[in-house]
Amino acid sequence: MAEQTLDDQPLLVAEDLGKNYGRLTACRDVSFALYPGEVLAVVGESGSGKSTLLQLLSAQLAPSAGRVSYRMRDGVLRDLAELGEAERRFLFRTDWGFVHQDPAQGLRMAVSAGANVGERLMAVGWNHYGRIRDTASSWLERVEIDTGRIDDAPKTYSGGMRQRLQIARNLVTEPRLVFMDEPTGGLDVSVQARLLDLMRNLVSELGLAAIVVTHDLAVARLLSHRVMVMKGGRVIETGLTDQVLDDPREPYTQLLVSSILPA
Amino acid sequence: MNAPTYNFAYLDEQTKRMIRRAILKAIAIPGYQVPFASREMPMPYGWGTGGVQVTAAILGPEDVLKVIDQGSDDTTNAISIRKFFGKTAGVATTTATSDATVIQTRHRIPEAALHGGQILVYQVPIPEPLRFLEPRETETRRMHALGEYGLMHVKLYEDIARFGHIATAYAYPVKVNARYVMDPSPTPKFDNPKMDNCPALQLFGAGREKRIYAIPPHTNVVSLDFEDHPFTRYRFDAPCALCGADDSYLDEIVTDDKGSRMFVCSDTDYCESRQLAGHRGSESAAPHKERAHG
Amino acid sequence: MTAMIDITNAEKTFTMHLQGGVELPVVRGVSFHVAPGECVVLSGPSGAGKSSILKMIFGNYRCDGGRIGIRHQGTVIDLATAEPRQVLSIRRSTIGYVSQFLRAVPRVATSDVVAEPLIANGVARPEARARAGALLRRLNIPERLWALPPSTFSGGEQQRVNIARGFISDLPILLLDEPTASLDAANRAVVVELIEEKKRQGVAMVAIVHDDEIRHLIADRIVDVTLFASAA
């Protein structure tokens, strides 16, 4: 049986990461390593610092303390703060994906679905219309969007379709790491289930690593291998997802888990 | 005559210095949009205030000025600007492309080949080619700085997806000196190849947007396209009705309310020169005779 | 022969912070081992900690003391101190767990739910589906149900889907938590058969079974969990 993950080196490493806004501490002392193919859920209530953490990890925000390192495709682990802006943006367009809670933030709403998916390819120099379109079309299929809608703009799509389109747009360059900010947040429960199943399959088929910020413990249970519980800007508990959710240790985690409505 | 109440070419010398600095920087970084402190001019925005300021800053007493609007020397806009500089700078004006040292233009590049020593000044309404896809100026400037131009192809992709071909017919984006993507102002894409390796200096002025950019002589200018949808020029498939030219950019003129139309050169100087040289089109046999119809 | 599972002095206590920090000792001094091809049945009354021990062996409950040695790919790993990634790796290729209740993503077809452990281990989808089908058929789940998500099924049917999912893989350790609880006699017999097959393949099993008859059919050894009861 292929043992892929144990021998591998970490893809992303956070060390003593912190962010202050003046005297306000949004996030502090966060350290962990994420390995290829691993899905990490960051859970906690609004204001717990999980969104700040996501921005720090994805280099959209400069940390006040600590650092984030990422293993580039050449195998070298590099401090994100030391990357040039061009390199950082290139990473963002190729090796990373970012799925926003609100698809309008991650999509060009007035541009056709095909161009939305194709944009990253064109950004890395694809210059053949036919091939770009074929690739976009096969990605629409993968995320279960009727390819007949390839020329429609996402503003004509339903919420669930938009979110699936956003995922296709991110995955088209075959990133190794995807950041997700409440990916099922604004969707109906029925649509959520389908999306979660789709994401789960894509993540395992592509061997993606992902960091998923969510306040929904059910999403964490379905998608993630590991979970970090945040409160007041700190990680208070971390471990295997089912371990943390079935055998929570910290008072706050026990409160979170006990607050889930029975299915 | 130089009217006594105006400084030479209207603008004061400090302003001209400031604009010249911007122009020099623009020439040094081909295709890069240089901000400048655009002045109020005695004409409304949209009438070429950017081009006029560039022209005012580069004009000398010995220059010969030509002004065209959509290729024509005799539209209101062209005449007004020509008269403006006639009055404030007292420079000689001409309609002949080859005689001019400075040509201010709106929406066309003359058909006659430009030569070294000439300067072509474009009036530009919107200098930012990425504007319609990315409205944030902070972001478009960053994209230029980092050479991230994938978005430009998104626009061309949309054209093909919608119309089956690249339908952008004017303001067709170009890449200058293999670095900056630039809006060539709303000239027809027919004129794009003329910008490439042009012996004349090309300056672009956007008054409302306060930007100047340039293509130095003999600079590489490439129109963006896809491998399987290459850039093509476009012109109406007809000879000029007046001079018979089959290589010039044509205007469509509707001649009555029954749908009759004719195609004539948009470059009036080019057309007249050809007619003087004896070229004839279908409508020019009896140019002064009234046609007898009801 | 080396044991597949070797537990020494393992212990578990729950601290209920929401109830004012009440300490709830579950088990202590848990020590036993399981050899390949052996089925060890945990016995004891409800609340004695049988399920907790099973969950500790799976890494689902954290172990507060002692040692849980698992033979994983030729080496012994102590699950009580293993890194999350090691636990995941152990679950992928060494330990399977058949829980009392089916926990599946809503709206996923039954055949995919059952085939998933194989697919996760790199078996091609068509082959995985075929093996899932064979197992479902043995467990008397009619073929017309395979394309439906199991959430709509009866309790007994869900339990059988759960068993199929647990028995489909070729993992060397299986943990069975009441695998026959809500099954009729015919299906109970199928499960006993499946366990016998696993034994012949050298799979080490730990099971919780309340039914005395089944227990006698499958147990090679019985471990009395009351021995590990914590003095509260």
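For reference, chains read A, B and C in written order, and residue numbers begin at 1 within each chain.
We take it that a residue touches a chain if its C-beta (ideal position, glycine included) is under 8 Å from a C-beta of that chain, and two chains touch if they have at least 3 such contacts.
This is a predicted model, so every value here is computed, not measured.
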Far-end chain from subunit A, centres as C-alpha averages: B
Most centrally placed chain - per-chain CA mean versus overall CA mean: A
Averaged-CA centre spacing for the pair subunit C and subunit A, given as whole angstrom: 32
Chain centre separation in whole Å, for subunit B relative to subunit A (CA means): 47
Distance from the mean Cα position of subunit C to that of subunit B, given in whole angstrom: 77
Subunit C: positions in contact with at least two other chains: none
Subunit C to subunit A touching residues, read off their complex: 14-18, 55, 59-62, 73, 84-89, 92-93, 105-108, 119-122
Contacting residues of subunit B [partner subunit A, same complex]: 133, 142, 146-148, 150-151, 153-154, 157-158, 160-162, 226-229
Subunit C-facing residues of subunit A, complex: 1-3, 5-6, 35, 38, 193-194, 196-197, 200, 204, 222, 225-226, 239-240, 242-243, 246-247, 249-251, 254-255, 258
Residue numbers on subunit A that touch subunit B, as the complex places them: 85-86, 89, 93, 108, 111-112, 114-115, 118-124, 127-130, 132-133, 150-151
